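Before we start, here is the structure in question, set down as structure tokens.
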Amino acid sequence: MVSGIVLPIKKVNSLVDQNISVEIKDEGCKFEGRLAAMDEYLNLHMENTVEITANGRRELGDVVIRGNNILSIAPLN
Amino acid sequence: MVSGIVLPIKKVNSLVDQNISVEIKDEGCKFEGRLAAMDEYLNLHMENTVEITANGRRELGDVVIRGNNILSIAPLN
Amino acid sequence: MVSGIVLPIKKVNSLVDQNISVEIKDEGCKFEGRLAAMDEYLNLHMENTVEITANGRRELGDVVIRGNNILSIAPLN
Amino acid sequence: MVSGIVLPIKKVNSLVDQNISVEIKDEGCKFEGRLAAMDEYLNLHMENTVEITANGRRELGDVVIRGNNILSIAPLN
Amino acid sequence: MVSGIVLPIKKVNSLVDQNISVEIKDEGCKFEGRLAAMDEYLNLHMENTVEITANGRRELGDVVIRGNNILSIAPLN
Amino acid sequence: MVSGIVLPIKKVNSLVDQNISVEIKDEGCKFEGRLAAMDEYLNLHMENTVEITANGRRELGDVVIRGNNILSIAPLN
């Protein structure tokens, strides 16, 4: 289990400097942008961020997202 | 209580490399895919992931799901 | 306060191998089944689990429920 | 600040063996019963518990309530 | 960053023995009363507490509010 | 990963004494004001704070916002 303990965090860390898609819990919204930095709580610092909801897209630029409200993180294809 | 303290995490760890079904709290959605890795917070790294909602199925591929928003994890039969 | 600090967890631990009823927060659903194992976060490993909602009953079998989404745990009479 | 750090927990501890009212977040429900034990996370073990909702009262007996889903705890007058 | 790490908690601690207004997340309700004690998790012990919702005011007296369900804390003017 | 572990918190710390916009999870509301102090949990002490909802703006002045209910933090342009 030693390797299993770090792997999801490591997976996110491997996405630093790449474009990611972040789904937010209970919000029907997601953030897309470049992952600038992350920490062990999955707090994310994103750049060139766009918030996408049912109402459309909104440019947010530089933003810090708190980890506990994140549902999922995936590379943006 | 010593063995009880680790068992739910160990149960999830035993599902690594298997297909699992993950129900999300408050979302009416679930994720199905191969469990690639997990950690002590039940953060999950899943592969070949499909998100299933009332609106249908969506291919997500590689995704990290934050543990605190997970309601339940079960082997996929 | 020394004894008070451990008692709710110990109460749940005393239910291992018994049938329990687990109410989920905000979900209008509960899980019933045999408590196989628990840990200090109230993560539960349940067996022969049935999910009960307003829509009926669903057999889940073996399932791990994350502790933070649990509202209450009680012995099943 | 030393005394302030422990006091809310101590206040709840002083209610052990008394009847309390516990309001649940987002649920429109509360639990009333005797506080048998508590811990530092405000996990509560209650006895002779009654769940009170807009739909009426339900006898729960012995129940463990997870602390993070509790909104407030007060002595029952 | 050393001073920044403690300041929000210290700000709340400076409100002990004063009247405060506490907004609850997702509830459309707030609590007003005297802050008797607080801890590092922002658990609050309040006295002479009034719960204010769209339905009116309710006297709660002595109450402990769990920190994680608090949205904001402010001095009551 | 050493630098990644601290960066989102450091990014927020760099905003102390600047005007920020704080979006709250599930609330359809945001807070704008001067960031006076923050801590490692992203608890924020804000000054000259305005709460902005669909119903309009409300002056809050001095307020402490608990970190776990924050969705995102961004510099206010």
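We call the chains A, B, C, D, E and F, going by the order they appear; numbering starts again at 1 in every chain.
Criterion: contacts are C-beta pairs under 8 Å (C-beta built on N, C-alpha and C of every residue); 3 or more make two chains touch, one makes a residue touch a chain.
Since the structure is predicted, the reported quantities are computational estimates derived from the model, not experimental observations.
*Asks:* Please name the chain that ends up farthest from chain D once chain centres are defined by their CA atoms averaged.
*Replies:* That would be chain A.
*Asks:* Measuring between mean CA coordinates, which chain is farthest from chain C?
*Replies:* F
*Asks:* Determine whether chain A and chain F, two copies of the same sequence, contact each other through the same residue numbers or different ones, counting it as same when over half of the numbers at the interface appear on both sides.
*Replies:* Different-residue interface.
*Asks:* How many angstrom between the C-alpha centroids of chain F and chain D?
*Replies:* The computed centroid separation for chain D versus chain F comes out at 31 Å.
*Asks:* Using Cα averages as centroids, what's the distance between chain C and chain F in whole Å?
*Replies:* Computed value for the inter-centroid distance: 36 Å.
*Asks:* Can you give the whole-Å distance between the Cα centres of chain C and chain D?
*Replies:* 18
*Asks:* If you look at chain F, which of its residues touch at least two other chains?
*Replies:* 9, 25-26, 68
*Asks:* Looking at which chains touch, is this a line, ring, star, complete or other?
*Replies:* Looks like a ring, each chain touching just two neighbours.
*Asks:* Quick one: ring order starting at chain D, direction chain E?
*Replies:* Beginning with chain D, then chain E, the ring reads D, E, F, A, B, C.
*Asks:* Considering the complex alone, what residue numbers of chain C touch chain B?
*Replies:* Touching chain B: residues 9-10, 13, 16, 24-27, 31, 36-40, 43-45, 60-66, 68-69 of chain C.
*Asks:* Over in the complex, which chain C residues touch chain D? Could you list them?
*Replies:* 1, 3-9, 11-12, 25-26, 42, 67-68, 70-75, 77
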